[in-house]
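First the structure, then my questions, so here it is.
In order of appearance the chains are A, B, C and D, and numbering begins at 1 in each one.
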Amino acid sequence: MKVQAPRGVMKTSDITKTENPDLVIDTQNEKPKYRIQLNKVGVKNLKTFVVTERSGIRHHIVPKVEITIDLPAELKGVHMSRLVESMTEELSDQFRVHPSIEELQIKILEGLAEKHPFSRGEVKFDFEFGYTTRTPASDKRTWEVCDVIAITRKANNGPFIHEVEVQVIGNTVCPHCMANNEGLTHIQRAIGKLRVVGSTESIPTYGSMIEVIESSFSSRTYSLLKLEDEILVTKEMHKNPLLVEDVCRNILQHAKDTFSNSDLEMFAEARSLESIHKHDVIAQGRIVTNGD
Amino acid sequence: MKVQAPRGVMKTSDITKTENPDLVIDTQNEKPKYRIQLNKVGVKNLKTFVVTERSGIRHHIVPKVEITIDLPAELKGVHMSRLVESMTEELSDQFRVHPSIEELQIKILEGLAEKHPFSRGEVKFDFEFGYTTRTPASDKRTWEVCDVIAITRKANNGPFIHEVEVQVIGNTVCPHCMANNEGLTHIQRAIGKLRVVGSTESIPTYGSMIEVIESSFSSRTYSLLKLEDEILVTKEMHKNPLLVEDVCRNILQHAKDTFSNSDLEMFAEARSLESIHKHDVIAQGRIVTNGD
Amino acid sequence: MKVQAPRGVMKTSDITKTENPDLVIDTQNEKPKYRIQLNKVGVKNLKTFVVTERSGIRHHIVPKVEITIDLPAELKGVHMSRLVESMTEELSDQFRVHPSIEELQIKILEGLAEKHPFSRGEVKFDFEFGYTTRTPASDKRTWEVCDVIAITRKANNGPFIHEVEVQVIGNTVCPHCMANNEGLTHIQRAIGKLRVVGSTESIPTYGSMIEVIESSFSSRTYSLLKLEDEILVTKEMHKNPLLVEDVCRNILQHAKDTFSNSDLEMFAEARSLESIHKHDVIAQGRIVTNGD
Amino acid sequence: MKVQAPRGVMKTSDITKTENPDLVIDTQNEKPKYRIQLNKVGVKNLKTFVVTERSGIRHHIVPKVEITIDLPAELKGVHMSRLVESMTEELSDQFRVHPSIEELQIKILEGLAEKHPFSRGEVKFDFEFGYTTRTPASDKRTWEVCDVIAITRKANNGPFIHEVEVQVIGNTVCPHCMANNEGLTHIQRAIGKLRVVGSTESIPTYGSMIEVIESSFSSRTYSLLKLEDEILVTKEMHKNPLLVEDVCRNILQHAKDTFSNSDLEMFAEARSLESIHKHDVIAQGRIVTNGD
């Protein structure tokens, strides 16, 4: 029996599935109306769960995922479900423990290459990453959380390239106001970012990137501070007044020193949520290490 | 000609429009599957443009709008387009100037009452509101922006009731750390909120609410500060150290004093973006004025 | 040696710590300038990590936490660090497994009661919650993620009261357009919410709340759909056209049926991200079960 | 009288303002600890109000502003207040009407060049932009709102370069599902973006960019639709089923055709808020016009 489509519906093909139920119409492989190559096509804001373990420390991560590939000019579409499957097949067992996000992302791209052709593929995870520290005077253990964006990409049969951005909360103490105001100044929450781009051998751990950023502020911040800690932190802040420009340069210099044995392109940003203004101030820079 | 619906489509009625083209099927007036009264049905995140003028000062406002009414248990749906029209008809002329957001909201509800029955109707605008001030030492004019949520509602033929929430950025200076740390302390951006609920006669201007909030922080904040202003502001902040609890109580007390001639229920919140922590601290309270 | 405070700094007391180093100035216990009782004071946007296990299924949760208590009119402030400690002490061991978020929240409030007096205390977690399902035709396992807000509060030595809100993504298919347009209609992503308030005995599992919401849409949604699944889901959607008003009533009725043995106050909201408009449409309602 | 700084405060200079009140310590002109050139330093999330008028149509805009310049390796900081002043001086009169955002941004950069040296300067506005349209069948006037990001930059005495990104809401109707499912398919809200980069002569109007994007969806969307409009729009959508890949290519091709007389680099993105999934799908591409 021929089933009628709703009136006025444009058919993408003269052959409809109901006339020949075994035949799937592969719209994606048709010719597009406009022959324009697209550099990124895929899924975004897909949420999942991942467990990693590195150096005996286990991390539970709830990333927002983006998986994209390029699309040649002569093909209409990407088979989106294969992009999702390249991930779900790696995560099918809830308790599988991955050595790192980067190694999982490589596996997803390797699995995807077997399902769907592409010249350029990319997997991006955006998540919160937890770590422990100790309060500076009372020596109590606290949990801290920072934001991480981790990307792995492969283009034209080249090597896997990783891009990792870590964002941590700290503070700035204005040295300009302090110098002109008898030691009185304004202080505020600040946000430091470090993004590194490099090969699988070069890419640093999240922990080492967090340390680079945290050591670049007027002071580190903590989830818990007893009065003795608060006094210590506040004294340290006043001894170390920094503009956002200083925080940004500190991140770049500390990263260069810490990762001097690796080939990395590195970007830093400091943003200060000014306490005397309704707006923020920012500073951005870039530096390159050559591991030779 | 009879046009066939796609196979398997559930019809909401045996009479379809194509058989009798003059008959609109009014799905909204059918009986719902479950006879449950709904207290709010309508449109949300609708954006528009409004011009107001009060005391000779013109404001251009780009609100996100929510318009909702209640729905009796025996009716399936609301005619959503009538809710939108109740607003677009008031704003049909781009250059129409309204005396206030609250008077426009009353007109929208009055217009809606002629289009659609309801027992309880509500119009909510969420927008940025600009105002000018002068820098404290250099006396330059600056523009400042705060967030406003304005609601007008009417229930069971009662009077129009307004609810206005204003949110302004300021700062806190910790008096506890200062007292225990030789005058050294931490400072941070803070956010003050005041929400008032009352009749059309009682409801204050946004400007008077902004003044109540701004006067409740350790210091006001400014878009522009030259060095002489920055020094003045920083000195003022250190002379006026406040916990978020203090800021919240200041807002409540200043509101009570300022609006003492009106009948208002008022709610305040202060939130401090701690510079020594990654988290915030908050304080909330409530107070009532009786204009008698 | 006496250290001088910066000029112009208001001291909260005549006795400074440096003159008598053993004496901590307890600013929080001073009298406030305005004697106004505050109903909520505490920490917000504090992030942490929690592991729960219920019926053999382990969940890893990264909540944003708010812990608040009331503050009497005659006290200036809350000891914020004790609020944080009431949580960190329960989570000090990374691998401690909690039977549920609600039981952890009770322990936090019990621990807090030993550290800090309060009449009204509340712990709120805002997090993403993962669950598995199977694709409807191809029967593959997928991970799905929804949003949960879980609150536990205690007031005036009453029992612990819980408030749980679950938000899940589904869709709506417009029956009004379908009835007037020869079966053609518009379809869109929708968001369903269910919030329940009740005692520890009454409060349902997140899984049962997710099921109530997912069964209330035109169709459930899935992370992965192969073509056979997509066809099945699309056919189901067209057989089950629903307004947001219908989805909201479905959630309320399904919740009433499912939780009929418990005493619960329940609130539902459906929001549809209209595909023919730039704005959304919403419906909200409330229902009560009496477990007797 | 010499005023003592709080103990432990690092001075940025041996000369303090209080010893010689006429001397301002210009911290920004000191040498930084690390001699690293920074490519962007400035203010962000600064809010203001602007009125423009083009072809007799007036627009009221509430942008979030970012103004940044580069900072040489040998200077410690930027004089942030001069960046703010370069804007406030152009906007000092509330009722001044600017011919376009781009011309205002050029004036800001020209004013800044007189206040502060830089090699590379950039002004970025992020705002909502309103326009009117008419409903497709009932011919009623409606207001629509889209998002615009407008950037003007100048580097190394080169010409002013503009970058304008417009984002508009539309929809997609899946042709793959339609072809395999007897005309039944899923439909959803989608978001189209077009970003153009070019000289002051080449840069198109926002209105022409909006038209390029709106004509690229399965259908345009409207704030108001009466039933006759809703039927028309829904029929059009079903006649024009499009993947996000199709929408992205449509935007690129329509932009190329529309702006063929200009030299522009153009980027497009389509994002579809899938109604059968909890995640989105995206497509991105790039095209260049050569006005010769």
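In this section, a residue touches a chain if its C-beta (ideal position, glycine included) is under 8 Å from a C-beta of that chain, and two chains touch if they have at least 3 such contacts.
Just so you know, these numbers come straight off a predicted model, no measurement behind them.
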Using only Cα atoms to place each chain's centre, name the chain farthest from chain B.
A
Quick one: compare the interface residues of chain C with those of chain D and tell me same or different, with half as the dividing line.
same
Of A-B and A-C, whichever chain pair has more C-beta contact pairs
A-B
Rounded to the nearest Å, the gap separating the Cα centres of chain A and chain C is 26
Give, as an integer number of Å, the spacing between the C-alpha centres of chain B and chain A.
34
Residue list for chain B, restricted to those that touch at least two other chains:
3-9, 24, 46-47, 145, 176, 180-184, 223, 225, 227, 235, 238, 278-279
Chain D contact footprint on chain A (complex, rising order):
3-6, 8-13, 16-18, 24-25, 27-28, 32-34, 36-47, 66, 68, 71, 76-78, 80, 175-176, 178-183, 235, 238-241, 243-246, 248-250, 252-253, 271, 278-287
In their shared complex, at which residues does chain D touch chain B?
6-8, 24, 46-49, 51, 58, 60, 62, 81, 84-85, 88, 91-92, 94, 128, 130, 132, 140-143, 145, 182-184, 223-227
Sites on chain B touched by chain A in the complex:
3-7, 144-145, 169, 171, 176-177, 180-181, 184-189, 219, 221-223, 225, 227, 230-231, 233-235, 237-238, 273-279
